[in-house]
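This is the structure, below, for whatever I ask next.
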Amino acid sequence: MDYFKVEDLCISFGGLKAVNNVAFNVEKNSIFSIIGPNGSGKTTIFNMISGIYKPDLGRIVFAGENLVGLTPDRIARRGVARTFQNIELFSNATVMDNLLLGRHIHMKTGVFTGAFLWGRGSRAAREEIRNREIVEGIIDFLDLQSVRNHFVASLPYGKRKLVEVGRALAVEPKILLLDEPSAGMNTEEKQDLNIWIKDIQAECDVTILLIEHDMNMIMGISDRIFAINHGEKIMEGLPQEVQSHPEVIKAYLGEER
Amino acid sequence: MMFRKKMLVSLFAALAVLTVANITQAAQPAGFDDNEIRIGQWGPQTGPAAPWGSVARGSKLLFDIVNEEGGIHGRKIKYFIRDDMYNPAQTVAVVKELVERQGIFAFVGGVGSAPGMAVKDYLAANKIIWVSPSAADKEFTQPLNPYLFAVYPLYKDEASILAKYIVEKLKTKKIGILYQNDAYGKDGLEGAKERLATYKMSLVAEIPVEPTEKDFASQILRLKNSGAEAVLMYVSPTAAVITLKTAASVGFKPQWVSANTLSDYPLMFKITGGLWEGVITGAFGETPDSKSPLMVKYRDAAKRLTPQERWGTFYYAGILFADPIVEALKKVGRNLSTEALLKALNSIKDYQTIGPRITWTPKQHQGTDSVMIQKCGPGASYIMLQDWTTNDLATWKK
Amino acid sequence: MPFGQLLVEGLAIGACYGLFATAVVIIYKTSEVVNFAQGEMAMFSSFVAFHILAVYQYPFWLAFVIAMLFSILLGVLIEFLFLRPAKHPSLLGMIVITLGAEMFLMGLASWKWGAEQKFFSLPLDPSVTYEPVKGMIVTNWAIAVFAVASTIMLLLYVFFKYTRLGVAMRATQQNKHAAKIMGIRTERVFSIAWGFSSLIGAVAGMFFASRATLDPAFMMEPFLRAFAAAVLGGLMSIPGVIIGGGLMGLIENFFGYYWPSWKPIVAFIVIILVLCLRPSGLFAKHYVKKV
Amino acid sequence: MDMKRDYYEDIRLFNSGVVLFWTVALMLVLFTLPLYAPNYYVYLLNIIMVHIILAVGLNILVGSTGQISLGHAGFFAIGAYGTALLMAKLQIPFVVALLAAAFIAAFFGFILGLPALRLEGPYLAIASLGFGLTITHIIGGVDLFGGRMGVKVPPLDLGISQLGVSWVLKTDFQKYYLILIITILMVVGARNILKTRVGRSFVAIRDSDIAAEVIGVNLTIYKTLAFAVSAFYAGIAGGLFGFILGFFDPFTFNMILSIIFLVMVVVGGLGTVSGGIMGACLITYLQYDLLKNIGEVPYFGAFMVTISQLWFTTVGLENFSSMAIGLIMIGIIIFEPLGMFGIWIRMKKYWMTWPF
């Protein structure tokens, strides 16, 4: 039951409580969405899960282990991958390299083995080839073949979003945090993304935490939804429950007078 | 796999060529022909040591005079100056460029201890004569380097002579030293200590300064607190200016004594704003206003040929350094060769132009240990305190 | 130990470092450029003053005013010619441009005036000294440095706090694009900052020149120390820089009194240690990137 | 149709016959060069190759990882002093001494990398600058290291004196081959590092350190590693440099040298191996040869001399070199931020699409 859970999470910035007493449970292999208006603390929760911020209080437990206090790279090694709201790609590297970087924790090549990449038979080359095969799989899956060797900086926004998803997938995560993956995409791309997220969940055996503003998408794919405002939980439940919840409507549309 | 093989092949090829290269050695262009003798010099024309660059330009004046007078036995001197920025890597580069591309018969002058050390073995290995390095380093002549002839008195000898003067003539008991933390300063320190030991005295303060430093307040206060009545300065001109200005501002007024490096009174007087008056220095060239015929000749030539140059100590030191080789070349005659010139240089005895008396023997290439002692008078005038003096403690003579 | 005298000397040279570091900080505050050419800009302006004094024999105040005007022009020109054309320069790019400007100015000055040391003096008689407390001799030079440094500090404080231009400069530093949208002509702000900074640098440069000699390399060491002092103070706050400069002078002098051979590097070691503890200097808040 | 891809294609050294051909041709020229080039050029090439090693290493730090260093002359000095002193004082064989000195340099790189973890931009610049000054100052202040008087380098003996095997390389020719082989190894090594996991992590840190962290790159390890690798390169370069010179003193490794190293990398092109190589070649050539005797360059030299006489001092003409390099630095950033590598890419594009 307790596959991934967050308990009493609190953080404040300069006296302002950004996240206050947030707690939720995520079941394995489900899609768990977090919704809320801008500035309600959604991304802050993600930042705490991936270790960029250290919560003032609370626990983040994954597979029986508390993630609080670990550095981001350690957390990544535990199997948590994420994307960013404002795209944090390695813009002066190719799509291929970006995805290969996602393979970082699965590779071993160090400075010396790397420097001695003498021919196809060397250890570094064998590892490279093995991981490239996996990355090619992701490229096929996300339909990125056409931009495989392009520099990320030269790609359109939607493609960059996809590359970021691809990079997170390359980590082979157990928990995947997607921070507004559809922002900036057009309707068609959004539909594709919808399908991909479903596919990812089905094929990659991964639990997805999703922040999203597009209600159609949320309602379509989420298993459970967590609504937050002003850093505090409004409610948590199944999509249809959330949809009709007055507090949520209020938070999104403002107070009816 | 293919690549590894290729690497192996090229490695072997390289090793093979490495051994071949042992045998092949491109011939160097000769240093002279029937019409000209090619002489080179390096010197810092740019960078922090650039003020000493005038040495190399001073030598040029002498060669211009010689060429004007018709050259040496029908040969003109072709003179090359190269800027090395006082950086040994650059010195090696410019010397190799001159030797291997232009063909150089001999080098004269060459400012700096480290630059000289970097090229001295190369020059000797290529049998290129080097006369009068513009630096005093005992490693230039000890052990004997058959191709290197030194004029510059060792800093250690000079310090010893100056210390003797301070103790015996100035009757000062408390002597301090402010020295630059390098070969120049440390040799000075050593010489002073050695001399004082003969009087059973020791220095009241030994304060090092780093070559690039610009703020000496704490060092001067140390000297002041030590109660030194005379202070030996083995520092660069800029450092000396800062020293004097700082000392004036904290009310410290000892007798300043310094090496010949600072014997350019008009310059020092000007850049210290007159504080230089009263400073005693060693000197190894005649005063710039000297009435001796040679000085007059050189001074007039400088006014005519290089009006843009200041007639300063470093500038005519360049002439002084080049004098012996011209003399030796004249002695050799028309039948020029390295061996002949070596022989002529080795037989130079008590040769004096505008500097100290120089004697070279086949066994001793440190030409002199003589310095004069002078004092800066009002308006940067030169006051002679003591004529050419040798160091009776010099160990290299024995 | 002549405690009082070391204190005076340390504070005097420290104030001079601080004054010069202010020039570095003004540019950094507005455009986030570390100006490695600062020292050479000051050197060049000092040479111009020297040239006017030595060649045209004008009175000192006139030479000073002309050199000050020149320094402003020099700062504006360097910004306009070298920095503005660079389209999207990285921090490293900026540093390289200013290093290039440094080498250019140094070469030009050595070409024009030669490498030999020159005499440059402010009209302050070095032999006039005061001894308010026994064992603390204060010179005209030190008094002038204190006076000029505090006047400039005060003016800068008023400027940044109360004038429209000062506020505009602060705004530009905080967010260039927002400032642009608010109608601030950021490019003009940069020009003014460079002019200002060049002016202050030139004043400090003349103080240094009159303490030592004037030659094309004379500002290299003071610049490094002033830059280090600026970093120590946090690169952003002007009072911090003055304190940084003062600390620098005091550390060097007190430490240098006992271990003269390590005097030139003690300050750098202290700074590296301080930076290990406070990565943005003593008086600036560490900035964390937001995701 | 065979659609199967060979993933090795992307990482192998020669990804087309053309590249292979030109590489082989270049190697042939390089390996036979001393047979027809004057000795002086061999010396210049030695210096250039040493600078290539250093620039390629520095580029890993500055270009790929995005950390600035104004103290690389310090590592260079550690390499030079380490190698020379280990050989002279402890009779350690050349290869071991060179590697040991490089590892010492790498260790100091690691040490400098620690404060660098928290520093950025100007703060890192001053810290590294202070480091460079400190290193040369310590060397100059300690008599064991020869003080400011400098160090005379022992003969370059490839053999092992303990076993009685001796193979002394005396001439620039012989040293040329040794340095050439080491340079090729180091350059290919750098290229390999950048093509594999570690190099990619460096680039990741440069482009977005936060994203690098969340995919599992340990910033502490990789930032210090970048410093260490780059210092290792500088150490190897320094060790070889010492043997080219035969003698050096602390002033040889002054701050201006650190700046020149940085210039090489920036002018050549940040973040690429070939950029480091091109920058080192161009700047070294300019500094050591072309700009050296500006007054003797045909036509232009006479023009410069005239200008000097009219408005400047003739004695200062040599300073034109510094001005020229300064202007090149500024020009590169303004007009071609990718450096010579960028120019090269443009030329290649032009060539490939010519005449269309």
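For reference, chains read A, B, C and D in written order, and residue numbers begin at 1 within each chain.
Note that in this section a residue touches a chain if its C-beta (ideal position, glycine included) is under 8 Å from a C-beta of that chain, and two chains touch if they have at least 3 such contacts.
Keep in mind that what you see is a predicted model, and the values were worked out from it rather than measured.
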*By mean C-alpha coordinates, which chain is most distant from subunit D?*
A
*asked:* Can you identify the chain nearest the overall CA centroid, using each chain's own CA centroid?
replied: D
*asked:* Please tell me whether A-D or C-D has the greater number of C-beta pairs in contact.
replied: C-D
*Averaged over CA atoms, how far is the centre of subunit A from the centre of subunit B? Could you give it in whole Å?*
71
*Distance-wise, how many Å sit between the C-alpha centres of subunit A and subunit D, to the nearest whole number?*
41
*Using CA atom averages as chain centres, what separation in Å is found between subunit C and subunit D?*
32
*asked:* Quick check: how many Å separate the C-alpha centres of subunit A and subunit C?
replied: 48
_Touching at least two other chains at once: which residues of subunit A meet that condition?_
52, 84, 88, 120
*asked:* Two or more other chains touching the same residue: where does that happen in subunit D?
replied: 12, 137, 141, 210, 313, 315-316, 319, 321-322
_Sequence positions of subunit C contacting 2 or more other chains_ = 107, 110, 114-115, 220, 261, 264, 291
*Mind listing the subunit C positions that touch subunit B in their complex?*
1-2, 5-6, 9-10, 13, 107, 110, 114-119, 121, 126-127, 129, 137, 139, 141-142, 208, 211-213, 215-218, 220-222, 249, 252-257, 260-261, 263-264
_Contact footprint of subunit B on subunit D as seen in their complex_ = 12-14, 27, 31-32, 34-35, 38-40, 43-44, 47, 137, 140-141, 147-150, 152, 171-174, 176-178, 180-181, 241, 244-249, 251-252, 254, 256, 287-289, 292-293, 313-316, 318-319, 321-322
*Interfacial residue positions of subunit A with respect to subunit D in the complex*: 50-52, 71-73, 75-77, 81-82, 84, 88-93, 96-97, 100-102, 104-105, 107-111, 113-117, 120, 124-125, 127-129, 132-133, 136, 167-168, 171
*In the complex formed with subunit A, which residues of subunit D make contact?*
5, 7-8, 10-12, 189-190, 192-193, 195-201, 203-204, 206-208, 210-219, 225, 229, 271
*Okay, in this complex, where on subunit D does subunit C touch?*
62, 66, 68, 114-115, 118-123, 125-127, 129-131, 133-134, 137-138, 141, 210, 255, 259, 262-263, 266, 270, 308, 311-313, 315-317, 319-330, 332-334, 337
